[in-house]
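Listed after this line are the structures, all set down as structure tokens.
Both of the next two complexes hold chain A, though its partner changes from chain B to chain C.
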Partner chain A sequence: MEKRELQFMDGKSSKFWRIELDGACHTVTYGRIGTEGTSQTKEFSSPAEAKKSHDKLLSQKLAKGYVDTAGGGAAGGGAAAGAGDEVPFIAFPCTTGSNGTGSHASNFMGLRVSRFSAGKKPGDPKKTAYFFGSDYENDTFTEDLEAFLESDVAAEARALVLGPWAEELYDVSSAEAVKLLVANAKKLPKLAGLFVGDIVQEENEISWIHQSDLSPLFAAFPKLQLLRARGGQDLALSKAKHAGLRALALETGGMNASVVRSILSGDFPALEYLELWLGTEEYGGTCTVEDLQPLFKGKKFPKLRYLGLRNCDFVDDIATVVVNSPLLQRIETLDLSLGTLSDVGGRALLKLPKESSLKKLDLSHHFMSKQLMKELKGLKLAVDVSEAESPDDEWRFVAVGE
Partner chain B sequence: MALSAEAARAHLEAGKPGPLSVDGRLDLTNTRLKSLPQGIACYELDASSSALESLPSDLQVESRLILDNCQHLRSLPAGLEAGAISLRNCNSLHALPEGLETWFLDLSESKRFTQWPRQANVHSGRVRLRNCIDLQSLPSWFGTLATLDLAGCVGLTSVPDGIRVTGWIDIGGTNITSLPPSLGDAQLHWRSVPITHRIAFEPQSITAKEAISEQNAEIRRVMIERMGYLRFAQEAGAKVLDADTDPGGERRLLHIELEQDEPLVGLACACPSTGHRYFLRVPPSTKSCHQAAAWLAGFDDPALYHPVIET
Partner chain C sequence: MALCRRRRVALQFGLVANPENRRAAFFRAALERSGLPPAVEVSWEQVLADASNLERLASCERIRVDSFGENPRVHDALIALGGAPGVCLEHGELAYLKEAHIGWLALLARLQQLGVDDRVWLSQPSHVATMFDKWQTHVLWAAAGLPRPASRLLPRTFEELTSVLPATGRWFLKPLHGSSASGVCALRKANGRMQLTAPIELVREDGQVKLFNSLRIRSFGREDDIRAILGALLPSGMIEEDWLPKARLDDLELDLRVVVVGGEARHVVVRQSRHPMTNLHLGNQRGELSDFVAAFGEAALQSCLDLAEAALACFPSTLYAGVDVLFGRDRQPRLLEINAFGDLLPGVLHRGEDTATAILRAALREPS
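Entry: the complex of A and B
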């Protein structure tokens, strides 16, 4: 009998898929991680037919972004991801697809996101990422967060998701929320993941969100493994240093070069996952490909496995340079999605080194021709060229602008 | 001593010595300092539009070194190393130093730059040499680059073998007539417009019919420029709007309709001294040869244009 188990996580779902091949039968089991799931057994006319179907289903799942379950057999009725101290690597991505900022994350760090409301029974901290947020009717962000910090679950909480921190967001930054968390860091001894700014498009455009200096969080939470933030205005990391941080994701419509400078001159020896939305000049972006050279040079972040340079309007420039980078000898995923990639950058990617550690290339939301998409799919790694925009468009746009 | 960027600038402008280090970006733009002390280390240095004439031999810049518009900059230290080095519009700079090491090099508009070091290392990133009009050659030590922009380098006639690009090479307006084997499959640009090798290197094979039927207006313009306006006008069966004579002989005002672009209108004339024939493009609203000649001489109102002699 042959068994293979895969997992998939992003901001919407957290699921497993398992296939067992036994002679002329195969059994597929799938469902949410942490549940038993649903099983289906199929019988074929011969073991060869069963094997053929098995291989096809498996390759379809892998193409969709499923990966092998780390350590084998953890899911499917087993422990929920993130229950141990070490956050599984697969739980770091969150905002996927070009409409990823259109709705709140229902999953974060492999945990189900659930609103914490003062006076209501909180979710199980082993399975829950606690959400806090105000809206036009209820300006309860601070009240709920303060109540949470006084509650019993705070000591066990693994992940927090900070949504709209005020009723009216136009001129209120994340500074007060960050200050409140930093002042109460002792009450959150197990905090491993934090999302500052799960604010969706209808609440506030990504380029209108006022962030703040997030680096006090690094000093206050030495056990933090994942920091994700949305919004580029006033975003800063003045003291960019954390011995244990494994994942850093900054989503912006335009990233100031000073943020990139802070990260690349900073000290993050444990970083495995780096996702930067570089955006466009129109919405405050001041980076150029030159600013990324210290990254491409390949000496920073010795543990890096995933590099995402997303939502970027100079991704063609990045593509032509990154193919020459020694980083490609040690990272697994290169994500250039949500940007304005055209045939110019796409052609350069055809020159990826033949021998490399790269397993996945995410180019979704792009402006490449059909011919080039076909050639890229011929590369010996998983290439995502979904969400193709017209290559003849006079002007090309990033997926998440404004 | 570690200083903030502001404190470091004040320290240097007060004429105080090194060593000093800056965590982030040291901003010395517009400074009147002519030189800097030994012992400076920073992540990034921007001394654009400054009076700097040289740099200290032990300068340490990890990421970007920006020296754009430094009109007095004459030399750089041997072994200079930085992630990206930008020397745009540095008009006193003739040479780069031996042992230079970087990923990105920009010398655009540095019109007097001519001399490459015997040995240096520029690789992986972009090299931009836009409008380096005095430049006569490229070095053999460029490794694999992302892009190589030579547009406007009118003195260049060839590219050494061994240079590779993962992106593109731009040869717009150069006199380069072929590419070496190492660039055989490179994407080619002509002043930022992607073109084929044939348009670049076999312009005599382009026909007017082919140029007119090209859908992309930018590529069409390059095709016409490459085949020459005069030949294009002849082959395209241009309409003669006006004709008269000048000291060069007959001159004609020609008109060609272009799809999704303004019409091509130009004065076809000969030089009275050399006999060379020219096609000089004029605004599409021009109606007569005289009006065209007036516009070319800088007169918007042809009534004011009465040359004693046209040369």
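Entry: the complex of A and C
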């Protein structure tokens, strides 16, 4: 009997898919991670037919971005992701849509996101990432977070998602929320994942979200493995140092160069996953490809497996430089998605080293030509060139006049 | 299905439309399916060329009026009729909104002059004229006490606009005479900055600004871009509308398109979006009505349907229209727009009927 188990996680879902091949039968089991799932057994006319179907289904799933449970460093045996101390590597990304910030994460760190409301029964901490957020009608962020810190589940909580921290976000930064968490760090001994600013476009523009110095969180939460934050305004990491942090993701419309310098001169020996949305000068970005040179030299972050330089309007420059980086001899995924990658950068990527550790190149949402997309797909690694942006005039529409 | 079997003779329909458009085809198909004779058709081009072409409709017992849209020759001719002759718009170009509207009013007046009984028109030409004016419609609904987001007429220049808008807030700015989200802008203002989100492409050519309707929704943060866009749209007239939080389903914002026929809300489409504009052609998705009911309850849906019916009741003797209803995060329904030709929802059935068939049946039931 042959058995393969795959997993998939993003900002929307957290699921597994298992296939067992036994003679002329195969059994597929799928469902949300942490559940038993649903099983379907199919019988074929011969073992060869069963094997053929098995191989086809498997390759379809792998093409969709599923990864092997074992190879992905995930918790084994279909156990709830994050139930152990080690957060599975595939639980670090948190994409929720093509532009990434249109809807709230329903899944974070492999856990189901669920709003915590004072007076309502909280979700199971082994399966839940607790969401806090004010909205148009209820300015309850602080009240709910304070009630949570006093509750029994705080001591067991693995992940928190901080949404809008005020009803009106234009002038209020994340500083108070961060301060509240830091002051109560002792009540959150198991906190492994934190998202500061799950704020969607309808609530505020990504470039208008007021962040703050997030580095006090590093000192206060030594067991933190994943920190994700959205919004670049006033974002800072003044004391960039954490012995155990494995994933850092900063989503901005424009990244301040000083933040990048802090990270690259900081001390994150355990970092496996680094995702930076560099944005554009138009939205306050000051970072350039020069600021990333210390990263490309390849000495930082000895455990790095994923590097994402996303949502970037100088991604062509990055592509030109990154192909020569020694980093490519040890990372698995290079993610240059959501940016303005054109044929200039795409052509540079054709020169990626023939022998490298790289398994995946994510270039989705780009401005490259069909010809170049074809050439890139010829590279001996998984290349995602989806969401090609066509020239503007192909998007023009005529009002129907209703 | 022979709907006319019980009648003495088959009812003769007339149709004013762009004959090449899928809307006309949709109506012809419904006539055929219902066993009715083909409509007497007059095209908008014929109406534009010579109003006397309309006389062919004089003997029709019911006349359907359909959109002038999506035909570049008709659109350019409307602009000419509205006072700007010789204009030839590029595909998707967003310009001459006011002139096109004036031309459209003149065309509707030609229909009115035919002098047939009001009840012959499935859509009263004077009602259509009002529906194509967001401010007039707003005033009409306000007078009837129907809930709508707070709204006001905007000044015609960017400088005046910046002085009337408060320093902090968010609003929808909508062209007085537009449809399919064409020219609709979501504007935010805070801390001396502005951010405008719109299905608009901004092109600068030889110092000239051109706007195009774009399926790609863009954000503009630079003041000179925002000034260029609004500077081009405001002179044709815009209203400001409160940007209210819409209810969410599956974390996407939604609103409802309700087709009201013969006083009854029938076909409903849930439109879901991650953008402030939920129009389906902008890459947004249709949601499931059953999900809406599961999330908000039967009474919530009913409140939206009731409101849509009340909205069309302000246009007595107009048989049908597509009404857009905002269902707020406060779970209250509010009216957004009424679309005289908002009945094109292919594939959406109500009691087994598509919109065109439902409209036909209602038209047959009405007295003649």
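Operating definition for what follows: the second predicted complex is superposed on the first by the 378 of 402 C-alpha atoms of A that agree within 3 Å, B and C clash if a C-alpha of one lies under 4 Å from a C-alpha of the other, contacts with A are read in each partner's own complex, and residues count from 1 in each chain.
Keep in mind that, in the parts below, contacts are C-beta pairs under 8 Å (C-beta built on N, C-alpha and C of every residue); 3 or more make two chains touch, one makes a residue touch a chain.
Given the structure is predicted, the values throughout are model-derived calculations rather than measurements.
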| item | value |
| --- | --- |
| Partner chain(s) touched by A:F397 [first = chain B, second = chain C, both, neither] | second |
| Which superposed partner A:R261 touches (first chain B, second chain C, both, neither) | first |
| Contacts of A:S364 with chain B and chain C, given as first, second, both or neither | neither |
| Chain B versus chain C as contact partner of A:S215, first or second or both or neither | neither |
| Contacts of A:T333 with chain B and chain C, given as first, second, both or neither | neither |
| Partner chain in contact with A:V321 - chain B first, chain C second, else both or neither | first |
| Which superposed partner A:T69 touches (first chain B, second chain C, both, neither) | neither |
| Sites on chain A touched by chain C in the complex | 97, 99, 102-104, 106, 135-137, 168, 170-171, 200-202, 205, 207-208, 282-283, 389, 392-393, 395-402 |
| Residues of chain C touching chain A in the complex | 67-70, 72, 75, 91-94, 168, 178-180, 182, 188, 190-191, 193, 195, 197, 201, 212-216, 219, 221-222, 245, 250-253, 274-276, 281, 322, 329-330, 339-342, 344 |
| Complex interface listing, chain B residues touching chain A | 23-25, 43-44, 62-64, 83-84, 86, 103-104, 123-126, 144-147, 165-168, 187, 194 |
| In the complex with chain B, residue positions of chain A that touch it | 258, 261-262, 264-265, 289-291, 293-294, 296-297, 316-317, 319-321, 323-325, 344-345, 347-348, 351 |
